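There are two complexes below, and they share subunit A, which is joined by subunit B in the first and by subunit C in the second.
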Partner chain A sequence: MNSVLSSILSWDFVASGIRVTTPILLAALGALVAELAGTPNIALEGTMLFSAFVGVIISGFTQSLWLAVIGALLTGIVMSSILAYFSLKLKTDIIMAAIALNIFASGGTIYALYLLTGDKGSSASLKSLVLPNIDIPIIKNIPILGNILSGHHILTYVAIILVFLIQYMLYKTPLGLRIRSVGESPDAARSVGISVFKTQYTALIISGMLASLGGIFLSMGYVSWFARDMTSGRGFIALAAQALGGTSAYGVALGSLLFGFSEALSFSLQFLNIPYEVTQSMPFIITVGALAFYAWNKSRNKRNRDI
Partner chain B sequence: MKKILVVLLIAVLSLTLFGKVKVALLINGTLGDKSFFDSAARGMKWAEEKLGVETKVIEMGYNPSEWEPTLEDISDSEEYDIIIVGTWQMVELLERIAPLYPDQKYVIFDDAVDYSKGNLQNVYSITYKQNEGSFLAGAMAALVSESKKFKYSVPDKKIIGFLGGMDIPVINDFLVGYIEGAKYIDPEIKVLISYVGAWNDPAKGKEFTLSMYRQGADVVFAVAGETGNGVLAAAKEMDRWAIGVDSDMQLLYEEKDMDIVKHTLTSMMKNVDYSLYRAIKLYLEGKMPLGKAEALGLKEKGIGLADNKYFREIMKSDPWVLIKLKDIELGIIRGEIKVPTAYGMSNEELNKIRNSVRP
Partner chain C sequence: MSEYVLEMRNIWKVYPNGVTANKGVNLKVKKGEIHALLGENGAGKSTLMKILFGFERPTEGEIYYNGELVNINSPYKAIELGIGMVHQHFMLVPSLTVVENVVLGMEPRKGLSIDLKKSIEFVENEMNKYGLPVPLKEKVKDISVGMKQRVEIIKTLVRGADLIILDEPTAVLTPQETVELFKALKNLTKAGKTVIFITHKLNEVKEIADRITVLRRGKTIGEAEVKNITEKDMSRMMVGRDVDIEIDKTPAKPGKIVLEAKNLEYTRFDGVKMLKGVNLKLREGEILGIAGVEGNGQTELVDIITGMDKPENGEIFIFGKNMKEADNPYEFRKIGMSFIPADRMLHGVSKEDTIEENLISDRFNRAPFSKKGVLKYNKITEFAKRMIKEFDIRTDGPKTAVKMLSGGNIQKVVVAREFTSNSKIIVADQPTRGIDIAAADFIRRRLVKERDNNVAVLLISSDLTELLEVSDRILVIYHGEFVAHFENIKEIDEQILGEYMLGIKKMSKEEMGDLI
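Moving on to the complex of A and B:
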């Protein structure tokens, strides 16, 4: 019991929570941008998966990290473009198109993996690279602060910076204003001369690129290979984190942290005498609890205002 | 005398010319999985080379709706003496189709048909005693964990770990063998147990394993499919030990990442290749136990720890471990050591075993 408690109250636990949060946060930011533009991006899962795959393959064959990252981002753009073409141009249901993309990613990655490497389960035999962890020079020597701030994966820092960037972009730039107004009321936006198509397309592209960063975090950070369906629903959890976090990037970051840390908690709690089904469903129980609290809080505020 | 010789010669000639035994292996998936199916195909190759039979491997793909018509077609063609299928997914299909072709001989590996349903006298089922192999893995984990001579061990903690895919009988059969094997070396040893609840999530597998290492475990046995490979990544990161499963993980990663190979002690393998080779050999000798399920253990080489150069290199740190393992293996083969199985075990019994090693 004591060892479990001490493991929860440790920097390793914090680090673990941050690791779990990172891919969810990146994808959740993508979900936020798309959601605000009125084009919910359910294809995050497939985009992450395909980018994870492309990153590994490019780094394996070219031994260049830059090319791998660029390739992964391009994958995100391509996936989103397909989604945008189907939903915005051909006017298919965006949810349907996204589901098709997710299924395509699951099978397509394995097929491509087989063509390129001859493997079908994972890219275990391909010598691919990983993105580095970063030690911040001076800060890493400060006792507690160093533990919290330094030594994380480079994409974790990117994710943190992106939270602020996305927030700024959405609420302080013309593009953000256009995205939000198109999402709020496309007809009103159109009437003042905003191109709905262009704005939604841009939002989807940004969303896809964010998701692809989340994808390569899995295959080039967490582990050093691509495995069949390795995103394991993180794209969908990101959607939930976004729903939890509302319309601001900070809220989305909090939602992702809640998911990430409750999952990290479930890793530590598994050694207590609790049935493991309970620890496994911990992240979801906490989420339902948080949602209930959020709804209750909101309705109470509303009632107060009504009075 | 001469006559007999001539008859014999003709018999032998006709056997080689016309009567070559033909075997079909139907894979409910595709080759290239670096695990079961590749192993099964290797067994076919051995049989072809050493036993002179003719074999054909048919990849049915991952779409279950194609399996039944393929199995029916091949059975209907009467072209093959033996048809081999594998894994639990084929059990029901075989139970339905085998009785329709009573003259056709079938082999199923890694699961058994339900013989009480009757009319399955033409099916030979091969299962593997993963509990025996896991017993060895557990004993090895305990020995390495408590020896001061292995560089990634934490001998004073006496904790090892087990990462399972899901809480299901087959995984628990691994678990029970592992725990008993570890307790055989040191009755006081503690085993951290976790189930990830996913087969395709190496990132989560890694995170679970890191958590076990942080609690003091120094050897973790991964029985969770692709998720289990996360254990290897965690071992590399934390400088601890991992034990792989199903196929030889060290050979799988040798071209990619020697660090992973050096943090992997060995892998507990189901020798599908050898078991199929053996089945064909038994058939040629007329001894194939049709109408029966046979569980192959260490004695029949159906299961065992992977032995390769990296494994031997690591074991050089303390050769006594190898001697002790050999001793245990012989003990199991001779029946002096009884390894319990999770099959047919009640939940209370299982929990009792789990609790006996809880830290």
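Moving on to the complex of A and C:
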């Protein structure tokens, strides 16, 4: 038991928790913006995957981190635009359109990977760059605090800043007010001259770009290669984290931390004498539990038809 | 310049599916007047106003505003011209505050943020100018219906509206709130605003409007000064024939108690106690009306009585049988209860299915409509044709999908099914809401006829005129309890009911008698 505790109460564990949380958090913020606009973005998974792929390919061929990041963000915009075109313009069911995009991303990245590198499994043969970790000067030398605050990945810092930015955007700016009103009562928004289409489109674009950042974290954060289906459900976990966290970016951050750390826990426990199958299924058991709680809570709320 | 602020000339609207809603309508509105647009449901009033507000484009016709030909292609354009609309279903975002709702789409900014202080000052200024106070910092979902409507009016005013369209504004209000609304409207016209008021309540027209235009089946039937016309004339213009507004009714001959609710309690998910020990006795051969401002527990009470929901405490007895074990509405129906739900689209019909399928949805598994598990469509169609005729459902035929019908005709489908199921108890929740006079009149008469056949009727309605006209007894519900019981309807009026509905007065247990 002591060894369990000591493995959890270590800096390595905290660091790994934060590492695992980052991509989930970025995508979950994307889930939040889209959800509030009334256009739930189930395509987060596919958007992350495609962005992860595009980032590695661009960085591999151009050796430019900037181009890689820009390319990945554009991928997010394109994926969201396709989703918006089908759901908002052609009025397809947004869930169906998103599922199609996810399947397309899974197959499309493997196909493009094979065309470009001759390999169907991973892009290991392509030499790609890695986005850096950041040491904060002075703070990194303070004991304990330095460990907590400094030395994380650049995208981790970006994600933390984005939590506050997204919260500000949603609850303090005209755009946020419009996103929330369009999501809650589109007719009310339309009646005061707000374009529901433009607002939802904007929200989906923001959502897609956030997912893109989560995607490149996977392929360019600590590794330098893309592997088939490397998102392995993180886009869906992000949806769960959002559902659990509710309508504020802070809540979503907490939800993401729960999922991130439960996954990190499963890594740590692998080194103990706990069967592999149990540790591996931990994050999913927590996901199911959290979603069951969420659904139960929601169904209780739904009984009230007056609001 | 002409004396008219608005002229709509020869407006036609033909929808892509061939339905013609407006057939050359003319409407002329003078500056500073309250102009009532009268007509039954389906007469084309709402379509005409949607065209004026830019929600719909006319197929043909011209709109002159302040003497100029205008092309209103979106609500935005209408707002720009100074036309505002208060919709029947409020266009408000429930979880936002009042002030956020008012400034939505035109938010004052400070840097990147919304300037909340300036927003509040701005809205306060407008609301004081017209004497329409609203609680700015409350969330819209927490304020009363009357307040919500006021917020809608302020929304149009801050956008610079000079012409304000109100779509059946009194349908959701209590008498007291209606008085307040009328006061506010008069203030507005004093300030030089013009009001178009859509309604089919004639007494209100008499009370508030200066002039009327009557539409019938998509055409302008006529316009008149209100002071020169009687209610009877107006109703004849609307319906096209004489309508007896009064329903002839013999005194009820109530029999034994068939439905009894004992000490019902219900707490909503958010901890609000919606029913605080409600008792009710319904006898055969009587119509028991329930009055109350919406949201005082009626919904919960109806849900429990019809088996849609379970009470937290308390019991329901139908024909003396305790319904504790019955866990679905079908068991309530089986034992002999019909139910006309308030939300017809959600609980009344399956809108994708045909009229005939909806008409038999409570008896599809019984002869003659089904034999050995196979539906007998020739029998079903035959039955549906009879119902369409008897209940005057206006449609191309029994195989039409219900969603193609107008609201009034959809309600007739529901009513046709519920009135023909041979039930001894009918629970009618807002049975005539949003449907035209003729159809509403038909349903009310039918309720009385069922009563005369010894059926027990429980009528929940926000239309007090209807309650007073149809009911034999009336209970008033306020904050989850009955606060008044009237056994002699002739002695009371809407004002008296209103006082109890708003909680100003309350009867003691003794005053209410032993039927509760």
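As a working rule, the second predicted complex is superposed on the first by the 273 of 307 C-alpha atoms of A that agree within 3 Å, B and C clash if a C-alpha of one lies under 4 Å from a C-alpha of the other, contacts with A are read in each partner's own complex, and residues count from 1 in each chain.
Just so we're on the same page, contacts are C-beta pairs under 8 Å (C-beta built on N, C-alpha and C of every residue); 3 or more make two chains touch, one makes a residue touch a chain.
Because the structure is a prediction, the values reported are computed rather than measured.
S.K.: On the A-aligned overlay, A:173 touches which partner chain: subunit B = first, subunit C = second, or both, or neither?
M.R.: In the superposition, A:173 contacts subunit C only.
S.K.: Regarding the shared-chain residue A:273, is it in contact with subunit B (first), subunit C (second), both, or neither?
M.R.: first
S.K.: A:127 contacts which: subunit B (first), subunit C (second), both, neither?
M.R.: A:127: touches subunit B, not subunit C.
S.K.: Applying the document's definition of touching, compare subunit B and subunit C: which contacts more of subunit A?
M.R.: Here the partner covering more residues of subunit A is B.
S.K.: Once chain A of both complexes is superposed, is A:141 in touch with subunit B (first), subunit C (second), both, or neither?
M.R.: neither
S.K.: Does the superposition put A:194 against subunit B (first), subunit C (second), both, or neither?
M.R.: second
S.K.: Thinking of the overlay built on chain A, is A:62 touched by subunit B (first), by subunit C (second), by both, or by neither?
M.R.: neither
S.K.: Now for A:114: first (subunit B), second (subunit C), both, or neither, which partner does it touch?
M.R.: In the superposed model, A:114 contacts subunit B only, not subunit C.
S.K.: Have a look at where A:185 lands relative to subunit B and subunit C in the superposition and call it first, second, both or neither.
M.R.: A:185 sits against subunit C, while subunit B stays out of touch.
S.K.: Overlap the subunit B and subunit C contact sets on subunit A and report the shared residues.
M.R.: Correct list for subunit A: none, the interfaces share no residue.
S.K.: Considering the complex alone, what residue numbers of subunit A touch subunit B?
M.R.: That would be residues 3-4, 7, 10, 12, 16, 19-20, 23, 114, 118-122, 124-128, 218, 222-225, 227-230, 232, 263-264, 267-268, 270-271, 273, 276-277, 280 of subunit A.
S.K.: Looking at the complex, which residues from subunit B come into contact with subunit A?
M.R.: 30, 32-35, 167, 192, 194-195, 197-198, 200-204, 206-208, 210-212, 214-216, 226, 229-230, 233, 252-253, 255-257, 358-359
S.K.: Tell me, which parts of subunit C touch subunit A in their complex?
M.R.: Subunit C residues touching subunit A: 74-76, 79, 85, 87, 89-96, 100-101, 104-107, 109, 112-114, 141, 155, 159, 268-270, 295, 299, 309.
S.K.: Subunit C touches which residues of subunit A in the complex?
M.R.: Subunit A residues touching subunit C: 168, 172-174, 177-178, 180-181, 184-185, 187-194, 300-301, 303-307.
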